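See structure below.
Note that the chains are named A, B, C and D in the order they appear, and that numbering of residues resets to 1 at the start of each chain.
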Amino acid sequence: MADELVHSHDPNHPANLICELCKIFYNNGWVTGTGGGISVKDGDKIYLAPSGVQKERMVPENMFVMDHPSKEYLRRPEVYKPSACTPLFMAAYDIRGAGACIHTHSQNAVMVSLLYDKEFTIANIEQIKALPRVTEPGYLGFFDTLTIPIIENTAHEEDLKDSLEQAILAYPGTTAVLVRRHGIYVWGESVWKAKVYNEAIDYLLELAVKMRQFGIAPDGAIGSEREQRRL
Amino acid sequence: MADELVHSHDPNHPANLICELCKIFYNNGWVTGTGGGISVKDGDKIYLAPSGVQKERMVPENMFVMDHPSKEYLRRPEVYKPSACTPLFMAAYDIRGAGACIHTHSQNAVMVSLLYDKEFTIANIEQIKALPRVTEPGYLGFFDTLTIPIIENTAHEEDLKDSLEQAILAYPGTTAVLVRRHGIYVWGESVWKAKVYNEAIDYLLELAVKMRQFGIAPDGAIGSEREQRRL
Amino acid sequence: MADELVHSHDPNHPANLICELCKIFYNNGWVTGTGGGISVKDGDKIYLAPSGVQKERMVPENMFVMDHPSKEYLRRPEVYKPSACTPLFMAAYDIRGAGACIHTHSQNAVMVSLLYDKEFTIANIEQIKALPRVTEPGYLGFFDTLTIPIIENTAHEEDLKDSLEQAILAYPGTTAVLVRRHGIYVWGESVWKAKVYNEAIDYLLELAVKMRQFGIAPDGAIGSEREQRRL
Amino acid sequence: MADELVHSHDPNHPANLICELCKIFYNNGWVTGTGGGISVKDGDKIYLAPSGVQKERMVPENMFVMDHPSKEYLRRPEVYKPSACTPLFMAAYDIRGAGACIHTHSQNAVMVSLLYDKEFTIANIEQIKALPRVTEPGYLGFFDTLTIPIIENTAHEEDLKDSLEQAILAYPGTTAVLVRRHGIYVWGESVWKAKVYNEAIDYLLELAVKMRQFGIAPDGAIGSEREQRRL
């Protein structure tokens, strides 16, 4: 069962990190029931949580480990199936060279996918500066617009792969893809970058919903909110 | 006092699990004051929390244990009364062969019961896929509609038994019943299934309330939200 | 300094309980900054938290202890002042024979005080059943209306004493008084009863604000919410 | 590397306090991703968290230490850059003689900055009494109006220094400055005062947003909310 691939006293070992982060994501509402997930790449090895488990109760022994070049499993727990997110995580690894990928059913993501059409845009908010330019080194500026594509959901999660890949290619500057009525995929160069990007994006999604409740356009010019100050 | 029925070093022993889960449910707002509860079946034994106690402070010694076939208590703590939910939990055990049953006063459940008439319906949301078909193996699909019946509340909780049983029989595909202005009953094949179903349903109830705040119908067709995108 | 009055290994000793509960109340937002407080009576001794301290960081040594019959302090930490709530807590002890009293700046309480005039009323919600009749044994029923008086705030907290006492006398069935633009006082026969009442009331205040957001009257008859079901 | 400046078994040592408080601020949503920060002054030494780190995972070894009189770093971790907030924290230390300064990206602060023009004002709420008069000893009263200036955000955080300093000078009674579409800076005589002021201000910002949702003016006279009681 290749347990040596997932057993480590190092808290930063991918198998330990995935378990720790899933507990955090459960407590802040990003993974609920058995939804959502996280994958981490370590050299050529990709660590994946299994399908259908309670994310906050995972232990390292639950983890799948895949050899990236050959796409073959080095470790496959018998009682579980690989996550249906696996082909989607692979898109971020293959096309973007990501180091980790997070998938959540965040309600902020679902709400934004209902309030926006083909893409989510937000501008002139400080938190945008936490997100990378991707096509060149460095981060977005305060006056930049963050754009995240929204793709339509499919009956089976693995069938999202094609449209997710198309969105990644069509939006070379994005580090995330929203899936309508479903949630969001976020990736980054490392597990910590992916976590920070996901936190910053979720903050912006939540803020955008609140702005819309007050009739303020999240991608409006600075000052456009003034007409909303009614009292 | 049959303490051996509730004393175990195994964290998965029903008496320990009930205490652990009630702490989780207290922290996320599902059980408040002394409201709400949980029951777990282990073979022929049914474990029940007592009435009127603070759920997050329960200890295994507080637990009632009933023999399912004879409906007689194998353990009855003298200072407590059995939960008023007991006959309602029994409906899930008797009619559906449930392995565990959860009752919460979730505000999302109460709000949905005020915003809907005879049943709650939601469609085309990924999280629906966490819920079982019940009448056949497998889970609901993304394009399926989740339907949960809503029954009227009664002055005394035990008087809900008849209408709860009728709703269970009238909705053979449901794994939950909403009680207007009161809360929700959710059951499952095991304690973990019941917990996951409850999490998924509460997520959908919360989302439905948010959608209604934006004038979006939770059971509308995909695309019907577009007319709401006003900015 | 009479440290033996506040030093105990018993977690249920009033000095320990007050510290534990203030941490819980800090984490759920009921006490913020240095606002809010709690007092517990044990026989003739009344335990009181000091003024102006961070409630979640209190230790038993911070506690004031008063002899109820003589109203004299048995213990008075030199560096602190007694809480400005003290005369208000005394009203619950003197008039109602309370065993504990909780004061919070809950935002739900403040919002309700802005949305209602002379009293807060809510009816036909299951959680109401957690609250006592007070004038006779037993609890409110589902079809009963919970009524909590709202008094006007004053510049100095101790000046609330007269109107709080009048409200307690004018509403013999209440176990709480709302203070407009300020918060709420809740008391009970014991510290645990006070905590449970406070949880149940705060749940109902929060729910009432949500109902008003949807234009549903919290004290309306069952069925009156139907006209609000617009989708 | 001057590790003796940051290594201490005293939980109240500034390097330990900063780490502990950042965990608290992460959990309540004030610092997200790598945004926000905190600085503490101890005698002539100013402790500063580095730029671009996850605030909830900081350890004392990450800390910068500056000598206040000479503005020279006594300790500079090689792998990090000083926080971009440093010049802004210095404004509070230099102009106001602050003992600690907190910067958050609180969504309540951002929302208020979108709903108000040049300054945020709120009146007649008890929690206002937790805030200092600043220009004279003592605290604001219930009938006082709390006023916090709002400055415009800039592309680079360090460019905020001039307008922040102008706001501090123009509002001698404020202990905080809001930055439009960005967040808030709060300072106090000590780290605990700064924390308590920040908690009280964030409570008031959150409450003001809720009041606006109901069409109630946060700085309106007592009784002005009555016209809003529509049910």
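Throughout what follows, a residue touches a chain if its C-beta (ideal position, glycine included) is under 8 Å from a C-beta of that chain, and two chains touch if they have at least 3 such contacts.
Being a predicted model, the structure only gives us computed values, none of them experimental.
Of all residue numbers used where subunit A meets subunit D, under half belong to both copies. The two sides are thus made of different residues. Taking only C-alpha atoms, you rotate subunit A by 90 degrees to land it on subunit B; that is to the nearest 5. Inter-chain centre distance (subunit B to subunit C, centres taken as mean C-alpha positions): 30 Å. Computed from the mean C-alpha positions, the centre of subunit A lies at a distance of 42 Å from the centre of subunit C. Within subunit B, contacts with two or more other chains are made by residues 213. Against subunit B, the residues of subunit A that register as touching in their complex are 32-35, 54, 105, 107, 110-111, 114-117, 152-155, 179-183, 209, 212-213, 215, 217.
Those residues of subunit D that touch subunit C in the complex are listed here as 124-127, 130, 141-143, 192, 195-197, 199-200, 203, 206-207, 210-211, 213-214, 216, 222, 225-226, 228-229, 231.
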